[in-house]
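This structure is in structure tokens; I'll ask about it shortly.
Letters are used for the chains, namely A, B, C, D, E and F, taken in the order the chains are written, and counting of residues starts over at 1 for each.
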């Protein structure tokens, strides 16, 4: 409970309230993007440094495999729900499903902070799992849409390349690798920026997320009540599955919870950009409204605490 | 005297000199805006944390009331001077008067730093007083202009809403509330950013202020010598009144000086934006030139030290 | 060798690899510019503080004179090489020569960090030498181009003013002066930003440099193999000359190496902007490709370590 | 083959804080869409300005909408009250659009 | 004296991630150059949007090229497949250029 | 009713560092105002570029002014010396302005 009164969450609430009251508070877009890049570099580095300390293990490989599997399979379940309950067309359902199979870096970061505060910090390698989970869902989504759109073989190759070399993935894995190479000692001189500054920047970033989430909610016309409900049901299901899988493959409670958080989270950075290219006929506003304005706040406020409890209960 | 050789002031001087010499030195606008938001979040948080430590008191209520009164009344005096001595028309006089009744966040921040360095740090609740003083002056200014412009009832309601929910006010009061809630302990993990980084960022921000102030001075054609004189006379008067009022209502020397600084300062963020909407016929360049290029540098260089001396002398 | 595995260099490599793989990773332009300004302010301040500690000396004057001489004379040698071996026309050769006579702030910063890590930190006054070396080369370049373009006397005066008051120079010398005035004590409160944050920001900045260097390399059509070769030959020659001169005028090994690094580096900020105005007929893409995409990476990877070895060997 | 048709592009240069109000006027005139371009600097009768203001209070933006001649006329009509009071600049260009049904 | 000539300015409003692809189409049509302007905000049939997205996925850009009538026609033709599928807006204006050989 | 009139919109695409000089030329030609739009990217005869340069040395901007046919002609004339030497692009469009006295 206490964790909900941490500055990080309170800044998110402040942003949401300001947007709800139609305040003109706004963070300049390049600053927001700069903070996002900073957060990715920081978690990549810190994860790499931790793995450099702890060494590799079989659990890591199991976590990676589980993450990949979740990212491929969640879209299938999501697609069925979105078509059946959500009454979406094939293309829109496939696009939204891809968002939910992929992951949200900021949800992961906020979740890690909360887990750390609760004394159950996830393992450093979970950052690599995060990076691995970003893209398979995109491909799953495209398969679900069955090559809709004008995509021929060459175009699909191009899209695959663009997806795998997506800025987020490259920065996360790259920083992770740098953390691995430099280790704790090499990290020390840059720690004031990447460790000391981390939570403060995260506060400002979540302020912006609160503003954006509520503004997007207001601007979207195609978000039905049924779809909003799915925006809550899906993270509940995916989070449970992810945490249980994490527990079964032998992850510690914190890492299992982190896997649950990854499964529960929905992308709003990498996937929207890819869908814009690959499924341009899909309603981009709808996917963003669901992932950013429904699922993200739900996860921050309730999903993460719930998943932590579950992981702790499983481990006990 | 020594305080004038602090890095913060010297960076302001550097910016002013660079602009005077027509150097092409410039800080990208999103960066400047990002720094402004950071500074507001930081002073809000720090003020809230301090109040959380010290608890509420009757002096706080008195300070808030005094601040509100000053923000409402200063525009009246300023309006008379601007019409009489400054020879401005009613609309322009009302617009400029609103700027002087409201406050400048950066002047307050620079003043707090100088007071702190002089061992007379103002109380944490002065941040809330700052936020309260931002908007009443805008309404006073509009009343002085007597509903000039095409504003009907609905439009006035809209304007009031926009003014009260101005980004600055929301961020200041919101961060103050967050500081109150999380207290010293919750602030610790984000202190490296919001406390450790504070003075350094302030340096870079004042570098930009120096550049902007002098550039604006050069671009403005409607700033007469009489008006420039008023840009110095008004902060002297308002600063004296504010400090004396602060002393009379029982504030400690540092807080009384801070109230003087708030009274002496003129807005160049919230009020110009509001005036652009509510009094579009007013000469926006003139208000900005007076507040930013005359009063702001005067306060930084002379006004703040003078007010500090006065407060110390009253308290002794 | 170990220094090549520092986070700073590894982030440069990450950026270069990402650009080579055509990832869409990109740092928003205002952020990159903000980081550049921050780095200049930081090295200026730190240099000034160091000189304030150490006091002035005859060596400093000698270093300044040597720097000025190198900045004036390097363009002559470079011009001859670029015309003879590089087969460039007079105007293009003069423009490129000016880039190589001037200096790269980021190369200097990266070099200083590496020298510091190797226990041979350069003297604080080398920052002032850096600032002095920025502009003479521009004038030398224009003389070499023999007043080509439509520049009459008035225009030349204007250009000289703009060159001397270039933002980089003003910020470097201004921060240096501020560091001198405030000294170690005045620097302490802003040290978390300007010292603590330095290497972390440098990492992110070099990430961007890696991205930009490789992207520029790909976009440029006029970079021949001969010119690319000169982009390596010139820093080797200039670095050797600079280091030897530094040794002869009595600089310590670290400062001699720093002078070598300055001589070896080629401008990609101040000079391109000046050339755009003064020699608009020159191929701007070519100069940038040589300095940014060939010489900068070469210096970071090989030039700086080589010059350090040379300086250490001379001093031993 | 693409079908094309003549339309009017109405461009409005206004102070940043006014953009929201202008967009409301634009929407009321039955246009199908509108776009806002950022403006970096400018100069007119009174002052030169550039977008280096901390508050953006002196910053401007360029709103444009492509629409039929009729709607364009209505829009210009509806903007008239703001023209002098808020110092807008408005101008209209002939354009040829592809997919006329979208405008 | 400057020689001038009539040319066509083709403007394309598109999603940011599509710009690279559009530029490729533009280049293939034999134009001498192209320019991209940033777009701050807009609104159309579905949603209003503004460029405050962290990822820029809903951001737009305005690509324009000035070229001969023939090349303009070819470009419009080449863009057709993307018009509906990717929701581009395309319009063409008459312009008078100085130094016609550059366009 | 609004009075409208024909004017010329002169647009100049130039390197960022040149903008100050161009604005001086514009001012000398008796126009009532000018506006600068930021440019994000582009490509021409030599290189493609985008505004990711740290120094902005390869960045461009778009200056435009709306003015009478006479002044537009003078402006084009005055820009001629810079046209080839500095690689400017200049083009002119017909526009219909509201409140003709402002242009």
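What we mean here is this: a contact is a pair of C-beta atoms (placed from the backbone, for glycine too) under 8 Å apart; a residue touches a chain by one contact, two chains touch by 3 or more.
Given the structure is predicted, the values throughout are model-derived calculations rather than measurements.
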Joint neighbours of subunit F and subunit B, given as chain labels: C, D
Steps needed, at fewest, to go from subunit C to subunit E via touching chains: 2
Shortest chain-hopping distance from subunit E out to subunit F: 1
Copy pair subunit B, subunit C: interface residue numbering same or different (half cut): different
Of all other chains, the one whose Cα centre sits farthest from subunit C: D
Chain of greatest Cα-centre distance to subunit E: B
CA centroid of subunit A to CA centroid of subunit C, Å: 40
Distance between the centres, which are taken as Cα means, of subunit F and subunit C, whole angstrom: 34
Set of subunit B residues in contact with two or more other chains: 26-31, 33, 192, 196-197, 273
Residues within subunit E bordering two or more other chains: 37-38, 93-94
Those chain pairs that satisfy the touch definition: A-B, A-C, A-E, B-C, B-D, C-F, D-E, D-F, E-F
Contacting residues of subunit A [partner subunit B, same complex]: 5-7, 10-11, 14, 17-18, 21-31, 192, 196-197, 199-201, 203-204, 207
Residues on subunit B engaged by subunit A in the complex (per definition of touch): 28-31, 33-34, 37-38, 41, 45, 161-162, 165-167, 170-171, 174-175, 177-178, 181-182, 186-187, 189-194, 196-197, 273
Residues of subunit F that touch subunit E when the two form their complex: 13, 37-45, 50, 60, 62, 76-77, 79-80, 83-84, 89-94
Of all residues in subunit A, those that touch subunit E in their complex: 26-27, 29, 32-33, 36, 149-150, 208-209, 211-212, 215, 219-222, 268-270, 272-273, 275-277, 280-281, 283-285, 288
Footprint of subunit C on subunit F - complex, ascending: 15-18, 21, 46-49, 51-58, 81, 85-87
